[in-house]
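Listed after this line are the structures, all set down as structure tokens.
What follows is chain A paired twice: with chain B in the first complex and chain C in the second.
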Partner chain A sequence: MVASDDTKPTVEGDAASSKKAAKKAAKAAEKQQKKAEHKASSVQNEVQDEKDISEGKYGIMKLIQSTGENRDRVYTDVKDLGVALEGKMVWVRVRLQTSRAKGKQCFCVLRQNCHTVQLLMSVNEERAISKNMVKFTGNITKESIIDVQAIVARTAAPIDSCSVRDVELLGVQVWVVSQARPQLPLQIEDAARPENNDPEGLKIRVNQDTRLDNRVLDLRTPANQAIFRIEAGVCRLFRDILTKKGFVEIHTPKIISAASEGGANVFTVSYFKSNAYLAQSPQLYKQMAIAADFDKVFTVGAVFRAEDSNTHRHLTEFVGLDLEMSFIHHYHEVVDTIGQTFTDMFRGLQEQYASEIATVGEQFKVEPFKFLDPPLRLEFPQAVEMLKEAGVTIGDEEDLSTPVEKLLGRLVKSQYDTDFYILDKYPLAVRPFYTMPDPNNPRYSNSYDMFMRGEEILSGAQRIHDPELLTERAKEHGIDISKIAAYIESFRLGCPPHAGGGIGLERVVMLYLGLDNIRKTSMFPRDPKRVTP
Partner chain B sequence: MYHMKNIVSFQEEIELPKCMYRLKNPIEVDENDEAELNIRDQVTKFLKKMSNNGLVELENRQERLLTKLDDLYERIKTISSLCKNSQQDIKTSKPKMEFVKPSEVVMFLHPDKLPWFMNIFLKAINGINVSWHTHSSVPSIKIAKVDSFFKKFQALYSSQSGGKVNFRLIFKCESAAPELKISSLSSPIIGSVNILRYLCLVFPNIVNYDYDDHQIDGMLDICHQLEMDSVKNKEVSITQMFTDKTGFIYKNMFSVVDLALFNVIKQMQNGTKLVPKKWYNDCEKIIL
Partner chain C sequence: MVASDDTKPTVEGDAASSKKAAKKAAKAAEKQQKKAEHKASSVQNEVQDEKDISEGKYGIMKLIQSTGENRDRVYTDVKDLGVALEGKMVWVRVRLQTSRAKGKQCFCVLRQNCHTVQLLMSVNEERAISKNMVKFTGNITKESIIDVQAIVARTAAPIDSCSVRDVELLGVQVWVVSQARPQLPLQIEDAARPENNDPEGLKIRVNQDTRLDNRVLDLRTPANQAIFRIEAGVCRLFRDILTKKGFVEIHTPKIISAASEGGANVFTVSYFKSNAYLAQSPQLYKQMAIAADFDKVFTVGAVFRAEDSNTHRHLTEFVGLDLEMSFIHHYHEVVDTIGQTFTDMFRGLQEQYASEIATVGEQFKVEPFKFLDPPLRLEFPQAVEMLKEAGVTIGDEEDLSTPVEKLLGRLVKSQYDTDFYILDKYPLAVRPFYTMPDPNNPRYSNSYDMFMRGEEILSGAQRIHDPELLTERAKEHGIDISKIAAYIESFRLGCPPHAGGGIGLERVVMLYLGLDNIRKTSMFPRDPKRVTP
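== the complex of A and B ==
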């Protein structure tokens, strides 16, 4: 409030106006007096400020440049806070998610990864907390990183808004480690709001593009924290399970001289004086490793597809989890190994990532993933029969379209109550030239697809390891033999019978969690319209 | 609410009575007065005078409708007589009927309830590929019990060369009663007693089950009830079933009732104590 010191001069001979002027003058004098009083009191406050009882207990921390201060300080993780620590003094390094200051109190929600806890900062002489300290806490910008020293206290009623419900923190010290700017491009509460159809809930949502443009903020939501921890889990379990089964992890080149699968969907890169391509699949290298007597190999790495597919399940760059294995007599040895790897992986996720799965479920309501152990394996003609019963007629040598695959997924779920199944014996006509034909029925092949929630996640087959048969099949497909001469040649040195397949990490995580878009499971997704951030 | 179609049009007025009840004048008798007020006669006279095509059409239509109704009545009579005949036919031919054997059969079971009743069928039928799966709802600790059952009866629960029927057992914690599914679109058969009824129908001559005998069905219903009952009620009911009996329950001959009850006993912890030892041993020899 700014009080004006100017007073209008009175006009002589006008009694009424002179009375008004006198009143105005009196008011002005009163204001002046009040102003002086206020000034005096503020000076007094300043004096009091100088004697702030909380001094040295709050403020902006000196830039951490690894000078060695406070190295003996022990920090507690938010997830470990509980009644067992009641009454104990703890230090936590957290983000300030929200704060609400009212009078002598300030309630804050502190977040560390997926976990949140309530902080209560109230004026308290015993703990030497001044009003200024409370005010300071209330003014810390959202998403700033802070160090808090506090006493763990049991709450009278569970705090529903936080993941730590039984206890809260009673603040003693607050230091700002890294300040966030006051205006955020999106609010974490909005980005973390459950996507259910609650008629009474707030409808404010953050759209996909805003999220991806501000991915650093978006990734801070509990659901995203959980998604990428689960994704790491899938990768780790894939490695662990296969290593236990005797597989060897190999690393295949990503810059290749020729397109590995057809050549239509490759990214060309300038390579010194000529061009090279980004690998579409590590398949040829896996097969070469088999031919080099590695028997069982797997690889985890980036795969590039120059497909202009703007769908919910396509990316131009994704993480491929590929495996190849030699077998003794029947390619079902490989199918069973891959199927069991998936089942073990799902079981591992169910047991080791239950809390993360529940966290994702709080934002995205989906049915839990169901599977069978050992996994269900159906043959292509059986699927055709099931579809026929449901009124969809498919030709014996016809591939399944995406909507038909989804319908089949529903039918399988209805009969077997599983979201994961293997479809074996695909028609030879719909598979690549290197697929081994079925010896019992030349119209079919020794190939298989694996499905999660009705969407294909893996396509694999027994590869032809005989150079003559491979040449014959390539000719039947109308492929120029000279272009694949090196591939055919690699089998002339003797190669064991083998089969394999590959999956996209992001797609597996998306379907396991029942999410609707692959961009939700890619940390920095690449699609035909996005190459940033 | 309703508009009446004008079928007979005329302008002449009909003289209507002016009072509700006419009393005869005991003193003066006027016969003409009554005759003049007879409304039916008046209307008939009008109608006779008029040559109305609409009325003729209406009469014809009515005639046609009546003929159709007669025809329908005859047809219904024939159909009902046919139904009576076919019902009699079914009664006589029911046990001889052959049901189409499904190519894919799925049975959902709780891991605590093992499929003891299946052994007798698997022993007798050839060409069945049996496989078993555990559902994701089953915790790891419960898998061992199921695993040991299949190890014990490995020869029965395996794939047979050239098998045309796939029989899959899925152990799932979500439903207590066993469920049998023969198609993704059909409703499941719920309860092991009902599954037994179905299996006896599809694979006749393995277990004795007379479809015309209501007493057998009554006993099967009791067995079905036993599956859902508390342990205490089970004990009472099973003891009652074996009053004055040491051999097979119905007509002293092994039947579907013995099989259903044996399955219930096998699912109980102390079930064998409730039944005569001879009956249990005889059943075990036949079923397992």
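== the complex of A and C ==
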């Protein structure tokens, strides 16, 4: 195995065949290069018999294979282009987003991540720009990566179609670094089109499956560039906030020996001559870490659910942000810690990702996320009361269905003006076996869910840390005690009272941004029907 | 499914049976509490007919179920105990590590994470400490969690056996919060014993399997408490350093549709009515993220290898620290970035984890880790030369075996005084199909490994970003092109030149600390013979 990256080639034969392979590779690389050079020169010679004044200033660049060529050439980032650079000659490496040839001119939009700038390539003897060169530029396939040398020029009027508005680039050299194929399975322009500004619905949309099938292209839209930067931000904030509070990051195994939480919805793995399972949560392991004196722990990692749910909010594999914490007197010490973590995270996103949030808002119209500090905490019976008042028929100890949760979210929003709240004291009967019963009313429990825009994003509880009570509760839930022996054993070795919770990363990002589908916040989503790309 | 934590109970029946379950749970909790009270009172009444002056000041505490009792009681951390608190009354929540009753006195060692302090409980009328109470304290099972109220007292001579040396605690109240069972499968004292100070080997050692079978106990040793805090530090430093350099964190799927890297060593998963596989690396996905304009990405997550290797350095599941980065001219831009990330990480560990490193050193004798800044970079032919000079018979394009790598590590250390170095320009034939050939010598490649104490911890390369060359190389490696169609397709959509690498987290921690087995740096290790706990 070795480190996680380059598996040693498993199809490699003996030394002799290896050498043969190397020779072949060398040949292939050479062929590749020749082909590129040929292409470039054939473009240059398109207009025959006429000396091309731009020769050597455009074409297909040969494969960048790290020869060290042009190593002193400095590149400018598109986001840094502005009037301060007026008149300067710069190099940029960008994607050609669109081009429009018009007689002796070609206008292009160049893109780098979320940033765009206009390139003007026009026939110009002084700058040695030939008709051929302009034509070549106009023929570069969209989404190709190109190197452009250009003069930064102030524009007469702001360019509304680009993020860089006050300057454009006057092209001097254009080289194709990596060519995109002519027929793209989707157009970035279509994929990036705002959702709500086309009342007649005449403009082309790209459906979810086409996007996901061609995720590499789809991810290039400004909204997607922003969404996954925000997702990275959620993870970073979650970890930084908890680390500051003294939490230790741990890593828990994904391959486990038994389906620990009831047996349903678990994926089976062939494990050498036997079977194993994919963990549905790090639950048992983070609790063992607490029993092992780590006091406060968190873990970020893949979580698997073999649930045949094809909804807007279910994935078969998602990223869990899990935490667990020992407490002294009352599990509300933990609830307060988690609540504060969320408000700190929301504030961090507001402050550090304002521009990314705005970028997402340009495609998807969404209300800003509202929250209170400290967060609102309601008790389950209060919620039932609110729902009954709103005309919902619901039993006192009945779990909340998804539509009822959403309604409750709206009621809470209108009454308290918050998109985030904590619902405490769930009925014992609707929670997992390891949930601590409420000491004052055994029909309820020391457990809680947390909601964003009316959808659950965290589920947690005080756990039973007494082995006898835990065993009894597991039996009542019909769980095979022999399969969780190691788990129960942890509590026979002395374990402090503790509580925690598990958060679904993709849900947090989806609901923070008010998006309508969890596949929008998973880079390569997995559901019952999708395991590619 | 919902968030990653509390799966809804899957064995729950209808509402009626739920209520029954709740009632049962309530009963169980009540019983539990009564039992605890009974135990406490029976202890108190052990010496009959005599009024116990300590009554109500010791015993078994009832299950902490978050009633809010004693909520105003403030606890002191063991690490904060010192002469500044002399004469003060404090509460601590600790483990009873050891106790030794001696007539009217009982000496205990109390532990909190890595920190220990002495508790003296002695019969004392003034403080109302009875013989019964001293006896009770002496009978508390080791590793139980207890609440102790005590007076902080300066010691006559420093207590060498504890980390808090200049004060001890004079007990006033003792309550058992969570009882450990009397017979522990291993003694913390044995598990924590220094490796090298017992030349006769007479003292008890705990073997690896016993440790891992009882990992919750084993993890409580000071060295283990330190090791996993250092591991958390490696992750944090890796992410923080790269985030500062503009990298974006991504999450890649673990469930994949095809064994992408040759087909061997891959675990199969039952995926609804079909099969899927567990990813052997995030390789293809981080490259797709580069093709999708994320420019510089990293990911931290589980990596799976179905390799039947039972060695000191192989796991079937480990944590991969992976990164990938587009570059402008030369893959050395990436090599330099990775090298700098390592030196920054090593420096961060030295500065921020000095005390944890020292704690590990108390059990495992290890030379401090040496590194150069900037790091040493050798080329493969140089290494072959060094090895030949040292008498090793090795072909110019032969891969290095593990023993040869170790020897090379020693040669490099003696010549350059560094435990970390980069070996660049591996023979093309020994690298994966997606490795870019060296432009100057097609028998070599733009690929590199990085080593710590002579063992490989990173493998990486410039990747082929041209779809034609990539297809050719894959075919030469015997890879079924249809299975990596989506991967190759990414490069038909325009992709910048890029390089990266994958790091095994557990190996980095093992080798940084100079430990001898990777199971020491995986909290719950997985190997061909172990999937529990």
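Assume the second predicted complex is superposed on the first by the 469 of 533 C-alpha atoms of A that agree within 3 Å, B and C clash if a C-alpha of one lies under 4 Å from a C-alpha of the other, contacts with A are read in each partner's own complex, and residues count from 1 in each chain.
Rule of thumb we're sticking to: contacts are C-beta pairs under 8 Å (C-beta built on N, C-alpha and C of every residue); 3 or more make two chains touch, one makes a residue touch a chain.
What you see is a predicted model, and the numbers here were worked out from it, not measured in a lab.
Residue contacts after overlaying the shared chain place A:120 against neither chain B nor chain C. Using the contact criterion defined above for the overlaid structures, shared-chain residue A:170 touches neither chain B nor chain C, since it reaches no partner.
Once the two complexes are overlaid on the shared chain, A:382 sits against chain B while remaining clear of chain C. By the document's definition of touching, neither partner reaches A:366: not chain B, not chain C.
With both structures placed on the common chain, the touch criterion links A:488 to neither chain B nor chain C.
After overlaying the two complexes on the shared chain, residue contacts for A:417 are found with chain B alone; chain C is out of touch. By the touch criterion stated above, A:70 is placed in contact with chain C alone, chain B being left untouched.
Of the two partners chain B and chain C, it is C that touches the larger number of chain A residues.
Against chain A, the residues of chain B that register as touching in their complex are 103-104, 106, 108, 133-137, 140, 168, 170, 172, 181, 183-185.
Contact residues on chain A toward chain B in their complex (touch as defined above): 346-347, 350-351, 368-376, 382, 385-386, 389-390, 411-412, 414-418.
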